[in-house]
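My questions will all concern the structure given below.
Naming follows writing order (A, B and C), and every chain is counted from residue 1.
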Amino acid sequence: MNLKRRYLRDRLMQLLVYLGTLVVLVPLFFILYYVFVQGIGALNWEFFTRPPAPPGEEGGGMLPAIVGSLIVDTLALLFAAVFGIAAGILLAEYPDHPLNPVLRLVADVMAGLPAILMGLVAFVLVVQPMGHFSGLSGSVALALIMVPIIIRTTEGVLKLIPWEITEAGLALGLPRWRVILSLVLPAARGGIVTGLMLALARGAGEAAPLIFTAFGNPFLTFNPLEPMDTLPLKLYVYAISPYEDWHRQAWGAALLLAAAIMVTNYLARRAMRS
Amino acid sequence: MADDVRMETKDLTVYYGKHPGVKNVSLPIYDREITALIGPSGCGKTTFLRALNRMHDLNPIVRVEGKVLLDGEDIYDPSVDPVLIRRRVGMVFQRPTPFPTMNIFENVVAGLRLVGVKDREELRRAAERALKMAALWDEVKDRLHQPAVGLSGGQQQRLSIARALAVEPEVLLMDEPTSALDPVSTQAIEDLLTRLKENVTIVIVTHNMQQAARVSDRTAFFLDGELIEFGRTEEIFTKPKDPRTEAYITGRFG
Amino acid sequence: MPNWLYQRLGDRLFAAVIVLFSLGVVAAAAAIVAVLYFGGREAFATFGFFGFVLGRVWDAVRGQFGAWPPLLGTLITSAAALLLAFFPALSAALFVVEFSSGRLREAVAYLIDLLAALPSVVYGLWGIFVLVPLVRDYVEMPLFTWAAAHAPALLPILGPPTGIGLLSATLVLALMIVPYASALARDALALVPQSQREAMYALGATRWEVIRRVVIPYARAGIFSGVVLALARALGETMAVTMLIGNSVNLPYTLFGPASTMASLIANEFTEAEDDLHLSALIAVGFVLLLIALVTNLIATWMLRRMSHGEGRR
């Protein structure tokens, strides 16, 4: 009967959807499992506190890369936050401004550009004039990647703030700029911070734009004007090296990165839901 | 015959989670009559209506107890196929919902395509019949292949009615079908309902008492999930038996 | 200061600062295009724009730079990865929106988003040490030995079964864009109003019929644009691809053998480039990649704006 055939098709498609979903999820568990099992052994005290050993020698750690990640990523977030939040405010609070169509198009398109291109731009604009690699140039590259994310999330959360809040502020006689700074932005604070966290998570995982900007540095330094190492960069270099001990440490770095991103994502989701 | 019972509920109770939205309602729906369900917001009339074509199946937190009989058979019996029930008991919703990716013709015959009707002539005849019953044919006959979303609100609602009628249901459930429409469109739809009932049994939920009085043969008054009173429309509106019915009718609440 | 001054001056100043920084964003975008263009100009001038883009030889030693090998590699890996990724991504999106609810739904959505957030280098690491041996031992070697015995004509197409090469790189790329594409498809499907589904169910439809006839058509703009955005992502993917593709710029490519993409070429050679022409050629490759990525992104945005619809309205 025709109805039987329709139900058969319904069941078949349901099965295919389940299978397809498994195809997506099984590799995830596969990857997470390997990263955990291979990496957990490498995350010891030495990993976090020692600089790398010379090639071929066992031991050593990733202290410079961890510190470098923190510095380069934070600096990048600072740059990106200033520009990104401002642009988000313009799009959300001044919707009639003539710059908006251009700004929105720029933000949308920038979001989809390959990260390595930002590295090229930072190379030409920062590394070449300075004459050497630097953590700063890496921050510039990462900031270019982070800005579109921050613009999008800031605009999104500001638009959710009810107009009544702005109205109430204006009714009290406050100028527009006070209303935005003292009423609207604080109300949106959670969402903006979430956006910053998501941008940070994204930047923290990037290696391609840093290959020829921050470049890497086996020695610990806190000076962003010097070449700096980051976790993803170190991961890459170690992974393609011929040394087993470096492979072990690469898994450790992978676990650290994956864990940090998992936590950030979870926090961001929790924040978004409330 | 007009006094035969087409559908009937027996002790129908519908739970949203723990909370019962409809409590022990036993109500007969008479064949080829218009039965109106009235009551204040939240009284359970829409919940009751949706139980009549098993729409609650779609909502995992809803539980239905009791029986709903269609021609004597319980539609909630495990051996009964909800897909078949929904062909026999159609529904029109509060907001017109044309399928935006289909043109007018495709919208009307969407239900027929489901059962595999492919013959273009057959589809065209069915579409014409349904659109005429929905009093929309003259307005769209020359633009059947234009997007359905180009129609006005009232036309879209009549399109939704035509779409529901095209599969020739025995019963048509209508959930406040004119509440989103302007007075002219509302009138047009009320007019077609009177003609429709010659072929189709109609159950209409409405928060507009005047509409219920104008259009329906029998009226059921709901309050807090319970069926308070049910009877011929003139009696309900002129000689209500229950004081709560009278209070609602005279506008003292709701 | 007088109140009106506080108001007007404050407003003007604030707006000016906001606009200034926003202009900075636009300027940054313009800078990206300008820097890449001018950086690549020497190479474009030396070989001609199309001579460069279509040039089949990339030889740093002889100073001959043609971008066709990496361009071809990018196109092949991205298109193939997208084809592989499409159905799983759509399935997972359908599962989340149409086939699950409550905690299961949230858990699966969270896991897919997690996959999307994993850094490329982590995929690459896992690829080198887990995927590559698997592909080599269970796909490439068996196929290669079979072909050697039964269809030797296929051998030049298959290439050396080392595991590192085009196939592994494409597989990991597909793996990476699935969650991204799935999240986009999921967003599109979630926007379909429940009233649309109900209207179709009310006509007596099975769940799949509702999905096929109403939900997917309604969401098709979002799904298509999601596909195009996923393609844009694939085009620029660098780390995992670089780690698995073998980095050879010699044509012709083989299925198992090493190859190159525009992004992997830049990542590989940039720090080694010694003369200005080499550097310029690499930046020029970046410019070509930028053009392709721009066009793809613009198509996605245009698609979304043109094809999406609200409820019917006059």
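Methods note: a residue touches a chain if its C-beta (ideal position, glycine included) is under 8 Å from a C-beta of that chain, and two chains touch if they have at least 3 such contacts.
None of the values given here were measured: they were computed from a predicted structure.
Asker: Among the chains, which one keeps its Cα centre farthest from the Cα centre of chain C?
Answerer: Farthest chain from chain C, going by C-alpha centroids: B.
Asker: So, comparing each chain's Cα centre against the centre of all protein Cα atoms, which one is closest?
Answerer: C
Asker: Could you quickly compare A-B and A-C and let me know which has more C-beta contacts?
Answerer: Ranking A-B and A-C by C-beta contacts puts A-C first.
Asker: Please work out the Cα centroid separation of chain B and chain C, and write it as a whole number of Å.
Answerer: Chain centroid spacing, chain B to chain C, equals 49 Å.
Asker: With chain centres taken as the means of their Cα atoms, state the distance from chain A to chain B in Å.
Answerer: 52
Asker: Calculate how many whole Å lie between the centre of chain A and the centre of chain C, each centre taken as the average of the chain's C-alpha atoms.
Answerer: Distance between chain centres: 17 Å.
Asker: Show the residues in chain B shared as contacts by 2 or more other chains, in ascending order.
Answerer: Within chain B, the residues that touch at least two other chains are 83-84, 114-115.
Asker: Which residues belonging to chain A are in contact with no fewer than two other chains?
Answerer: Residue numbers touching two or more other chains: 6.
Asker: Can you pull out the residues of chain C that are in contact with at least two other chains?
Answerer: 206, 209
Asker: Can you name the residues of chain B that touch chain C in the complex?
Answerer: Per the touch definition, chain B meets chain C at residues 53, 55, 58, 60, 83-87, 90-91, 93, 95-102, 110-111, 113-115, 148-152, 156, 160, 163-164, 167.
Asker: Tell me, which parts of chain B touch chain A in their complex?
Answerer: The contact residues of chain B facing chain A are 81, 83-84, 114-116.
Asker: In their shared complex, at which residues does chain C touch chain B?
Answerer: Within the complex, chain C contacts chain B at residues 101-102, 193, 195-206, 209, 213-214, 217-218, 220, 309, 311-314.
Asker: What residues of chain C sit close enough to touch chain A in their complex?
Answerer: 6-8, 10-11, 13-15, 17-26, 28-29, 31-32, 35-36, 39, 87-92, 94-95, 98-99, 108, 110-115, 117-126, 128-130, 175, 178-179, 182, 206-209, 211-212, 229, 232-233, 235-239, 242-243, 263, 266-267, 270-271, 282-283, 286, 289-290, 293-294, 296-298, 300-301
Asker: If we count contacts the way the header does, which residues on chain A are in touch with chain B in the complex?
Answerer: Touch list, chain A to chain B: 2-3, 6.
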